[in-house]
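Once you scroll down, you'll see the structures, which are given as structure tokens.
Two complexes, one shared chain (subunit A), two partners (subunit B, subunit C).
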Partner chain A sequence: MFYNFNKIEEVKIRLRSAEGHICEVEESAALMSSFIRSMIEGFNEVTEVSLPNINSVVIEKVIEYMRHYKDKDPPIIKKPIISSKMEENTSAWDAGFIDADWNMVVDLMTAADYLMMIPLRDLCCAKMACKFKGRSIDELRAEYHIENEFPSEMEENLEFQHPWRLE
Partner chain B sequence: MKKGQDLHQLLENQCNLTDLFRRELELKNFELRKAYHNIQLLKGILVTIKQDLNLKPEQFEYLFGHIFKEEEECENRIANQKEIFRENLQNVTHSQNSFQFWPKLPGDVMNLVIEFLEFKELATLACVNKELNAICKNNMLWKKLYIGRWNREIEDENNYIEKYAEKYRGEMKWYHERPVVSTLKWHSGSVTCIDYIHGSNLFVSGSDDSSAMLWQINEPHPQESGIFQQHHLQTQAVSKLISFYGHGGPIWCCLQIPNFKLATGSYDRTVKLWNMHTGKCESTLRGHLEWISCLDANEQLLCSGSWDASIKVWDLETEANVQTLFNDVGNAISCIQLQNNEIIAGCRRNTINLWEIDTGSLIGNLVGHTQAVNAVKRSNFSVLSGSADNTVKQWDLRSLECVNTLKGHLSHVMCLDYDDDAKRVASGSYDKSIRIWDLRKTSEPRQILKGHSAAVFCLKFDSSKLISGSSDQTVKIWNFSDI
Partner chain C sequence: MQSSNILSHILSYLTYQELLACSCLNKHFQALCNNTFLWRREALRIGIGNLELFGEPLLGIQNSQKSSSSSKWKELLRGLIESKKYWPTDHSVLEPSDTNNLVKEFLSILREPQMPPPTLRRESKCLPTIFQELLTYYLIDESPAALPSFDDFMTEDILAKLFDWSERLENEFKGSVEKNQFTIARWALKDPKFDSWTLSPFRLSIESTTDTYDQEDDLCQLSQKFPLKNSSPFLIKLYYAIKKTSSVHSKLILASILENEDDLSLCNDYITKWNSYCASIKELNQKYQAFCTLFNEIFNKTHEKTPNFPPFSLLRPMVFQWKRKVFETVKDKLINTALDLLNKWRSDQIDEELSYLLIKIVQALIDHSVNELNVRFLDHSQFYTDGIYEILHQKTVVATLEYYKTLKNLPADKLSEALEKDMNIIQRVFLKRTQIEIEKIRNEIEISAWKSCFCESYKEFKAGICCVNSNVTENLLDSEFGRILFNVDFNKNRIRQFIETLQWRNDKMVENIQHFLKLFERKVELQEKLIDDLIIEEENEQCGFMLEQSPEERILFSLTNDISPQQFMGIVINTDLL
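Right after this comes the complex of A and B.
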């Protein structure tokens, strides 16, 4: 059986974004996504995967992550997170990577969920959780323009149900 | 996921639209204002030149009337605009309210996010609004938190959040509330030992006046609540049932054993078994060459540790000595605990030894204390020890290594006790204080109970109260139940 030993270039997987752009990524990096892995393993010789609900900016970002963790395992983020700063929760590279605006994090998170990349999804979730870490009720309400829906007597009841303010 | 994205897109579009609309309105408003301003200017000029023009009012009206009409119309339009503008602004801010960020995260995403939060942040989020409240009350999540905190499950699967709050509140009581103290001054010597069975209302105290006493804790009188310190010879809350006299020397240790019996170990080198109904001594176990320092028992076996550096194991039914474990000569045993087939013992020469009863062999020792070990407690693989080097150490029996060191006591630690979850620890010391520690946060004691006027020799606690005995000859009951 013939095998091409001169084949130097790795197989590239072509990812088609929502806009129809093609982004190329090395197969070994792309296998990090269970979704792409199942596509490749399920259908032989598949080199193009269509991702109709992820736009190209997000795909670029995902590919950046894939390439960085091609040969190593991403660090595991502890639950619960320790601090509201990502640098203290995970590695410096991860913290820098996820230091994007809110919409980007949400898009990245939905993309990671779709592509079944658990470490990336956890990273995004941790980033979102940082927004709530160490905030008081009033701060959260002010920040997200939430009106107090609870009548005052019910609020007392809530306080009683959650006696955590003590610690 | 797709639904979430659509929603996101929709809201964003809407927001952009309202933004655009507002800007347009602002622009229109600006133009109108400019026109109005011009008309006003023109009107002013007209009024001043009216006299110079030398015209009849009808003529003036005819020539320039439309300008005044225009002014009126302009005013109306501006008022109208303002109204529209205000309405729209309200709409815009309203849509921004709901847009800001919550709806962009579908519920299942939120569930993933809140897994990264601690219970305190979850509780805070739950108070923010109804939607978040519903998300944060996820039973599975609280189950995880419950098991993570207390390392156990509860039977009622659906109620983890309430159980968590209840247990948490109970725990915080110990760290933040002041207890009601009852002082019992009945012994005429140092109180050296106390035994209290969790959940019962009876406890036993032994003293170096060679007596032991059985006490009953009565239900508090409803009117009595609210009194902070109760200092009587004997409070109404506790009554003495029986005194046990018979030892020929100070009692160092006492223990309630099955069949409503009491075991006491004494300076007279004997262990006596008493009937707690009658107060009579039923048998005396002889064999040790020095005084008895500690006792422990399970359903069948009674172990006694002695200053002669040996541990004797007695069969409770036949009262025969079934096993003797010898420590190095001179390395006296100061405290023991029996669990399964193993005995863990704190020794005078700084180590904690672990024996297997059946074979009588030493299977491990924990080295780390720099002074005699005075107290030892075990809960599965976790061991706690208090020592004369002023520290309490926590050990892991699997690795035989020290996990935590609790520093804070100013003098020898004489006694300690664990709660059922092995998370809360109380230690008594020669510095007259009792310190309560949380093993999750070991840097400092969570509560310091002061009140004894001399060294604290023994203590026991359960979920609501702590009983301590001291060389000031008193027993104190620190009651943490709802004040």
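Right after this comes the complex of A and C.
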């Protein structure tokens, strides 16, 4: 009898999105998520994991990340970040991967948090931090619709207290 | 993760400038930015640099368990950033960009000095520490080997420009008040609490008229009223900037050291950072050579007689700042930990790593007990210091006496083994002076134990077994051993028989007698001047260094005791040196 071991397919994990769509990912890649890992280790026969908080577009994006880092460790982003450009803070692949619109980054971060994928969560946070980097108080308030809660004299005082921030 | 936690996590990727901007956005951001972890990390990043160098990971310390407040770290960081304002920006001497580069390089060297390669890190007792090596070069013409320069800034070139203005800078010291400031600064007189006050001309005038200046409240008020003047001489301002910057850096170091949860980690951390600071001093001394040379040259010109006192260098003000801000707070912990480790070593309770830590702690304490004069006599059995090592020495001797008391009940041969082992520890850790003092104690105890042992054996001796006349017998009979037995029995023949019996039996006692006689010889040696001491004295006398220091030298060269300007001026006037 002849066995072709190479042809034995890896177990796949089915991830069910908020819309009910199924996205498949290799088990070895899915184990990047501590949430999925605990499901698999807790219940031996589990091959499907329901993710009611995450839509299928985001799940596909997460799977792309899982597959890329299946066999290697993601780079660590140093704190604080050195630039508002992600390619100067992390690898080119990571920078390209996270080069998405704001809503997508927020959704990815929420998903990473839910799936307990710390490197992906850190990547999203660093991307968001880039948006704060090198911006004035007024620019930040305008962009994120932040209401100024400080009375004007207090605001002046804040500036007065921190002249060294400009050093 | 809650939105606040996510925001906190995002904020952790920002620098202190961006955090300050964010804290002005609204109250929510203000609260989030008030995170101890963030400010601690930024203060340490700016002040200490690569945290990995000190064994602390740069990442992953999101949730600090420390009880310290964010405002403490914010203030430390603020002090560090604001120290830039103390650096003089006099357009006619240095361009603002030059001053800026001076500050940048100064901070950068404090943050990450070029440490010697691991093999040269003075990790063995037989090698001096970085600091001691620096001191030995201080008064003679040899400078420490130049460090390779990898920097973008060129402090040495910038400071060399000062020579173009030396005449003008010299003229700034024509008035007597400025002259006094110069004198005080040159000797780095130490006034722990009131830095600006030290350099204020008002202090000197008040000192000469009233003795009430030591009332702290008055001093505080006066210090605020008369800070370092804008019109102060340029060199004084530069000196003051160096002192102030070293001071804020030392405060930050202390805060980071005090975070250690146990005394062992604290001592280990202290030693790492002290070594790093010494490497900074070494590097900065080199880079600021032009400034120091000019400072000394102008001083020699403006003062009629040049006293043979320590020349000005960055070492003195920087060491004083460290001593006040860091060392004074942790010195008791260092001593207690050293004694604790010594006790554990004696009872075989520590591994090689901890015994090595003990050696390093003692070295660090020695560093704060030496000056340029006495560092050359470290291995002298009469080495004396008014520094912290003296306390360690006294406590070690007392602890040793206590320990030896516990050994007294052992049989003489076991006691001898235990004392031998203990001496090996002492010799590995402490200075010659402590070794000799402990060796004297050991000698007394061991000789006394052997005496009792020999007398006891003699009492048990039954005479008349054999007669073997030999030179060995006669020698032993005439030795200290024989004298001991004469004290017990006047019968010389019986003692001779006893010795012969011991030889005939090939008893181990003969070996013990030989050992005892060696101890006795050593005891006599220890009472006289040691050959090693004579060699050290001879070598140093050729360079003009003496073991004995005059009272004036003790005060002026001291790196350990604070001296008030009043004391200093008293010495200067009494010795008529200025």
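Criterion: the second predicted complex is superposed on the first by the 151 of 167 C-alpha atoms of A that agree within 3 Å, B and C clash if a C-alpha of one lies under 4 Å from a C-alpha of the other, contacts with A are read in each partner's own complex, and residues count from 1 in each chain.
In this text, a contact is a pair of C-beta atoms (placed from the backbone, for glycine too) under 8 Å apart; a residue touches a chain by one contact, two chains touch by 3 or more.
This structure is a prediction, so every number in the text was calculated from the model and none was measured.
Trainee: Return first, second, both or neither, reflecting whether A:Glu149 touches subunit B, subunit C, both chains, or no partner chain.
Mentor: It touches subunit B and subunit C both.
Trainee: Regarding the shared-chain residue A:Asn53, is it in contact with subunit B (first), subunit C (second), both, or neither?
Mentor: first
Trainee: One more residue to check, A:Ile76. First (subunit B), second (subunit C), both or neither?
Mentor: second
Trainee: Touch test for A:Ala126: subunit B only (first), subunit C only (second), both, or neither?
Mentor: The answer is both, since A:Ala126 touches subunit B and subunit C.
Trainee: Given the touch rule stated above, what does A:Arg135 touch, subunit B (first), subunit C (second), both, or neither?
Mentor: After superposition on chain A, A:Arg135 lies in contact with both partners, subunit B and subunit C.
Trainee: Pick one for A:Leu108: touches subunit B only (first), subunit C only (second), both, or neither.
Mentor: Touch status of A:Leu108: no partner.
Trainee: Does any part of subunit A touch subunit B in one structure and subunit C in the other, and if so which residues?
Mentor: Residues 77, 79-81, 109, 113, 121-122, 125-126, 128-129, 132-137, 140-141, 146-150, 155, 158-159, 162, 164, 166-167 of subunit A touch both subunit B and subunit C.
Trainee: What part of subunit B is in contact with subunit A in the complex they form?
Mentor: Contact set of subunit B toward subunit A: 1-2, 4-5, 8, 93, 96-97, 100-102, 104-105, 109, 112-121, 123-130, 162, 165, 168-169, 172, 175-176.
Trainee: Sort out for me which residues of subunit A touch subunit C in the complex.
Mentor: 76-81, 109, 113, 121-122, 125-126, 128-129, 132-137, 140-141, 146-150, 155, 158-159, 162, 164-167
Trainee: Please give the residue numbers of subunit C that touch subunit A in the complex, ascending.
Mentor: Its residues touching subunit A are 1, 6, 9-18, 20-27, 29, 41-42, 45, 58-59, 78, 81-82, 84.
Trainee: Could you pull out which subunit A residues touch subunit B in their complex?
Mentor: Residues 53, 77, 79-81, 102, 106, 109-110, 113-114, 121-122, 125-126, 128-129, 132-137, 140-141, 144-150, 155, 158-159, 161-164, 166-167 of subunit A touch subunit B in their complex.
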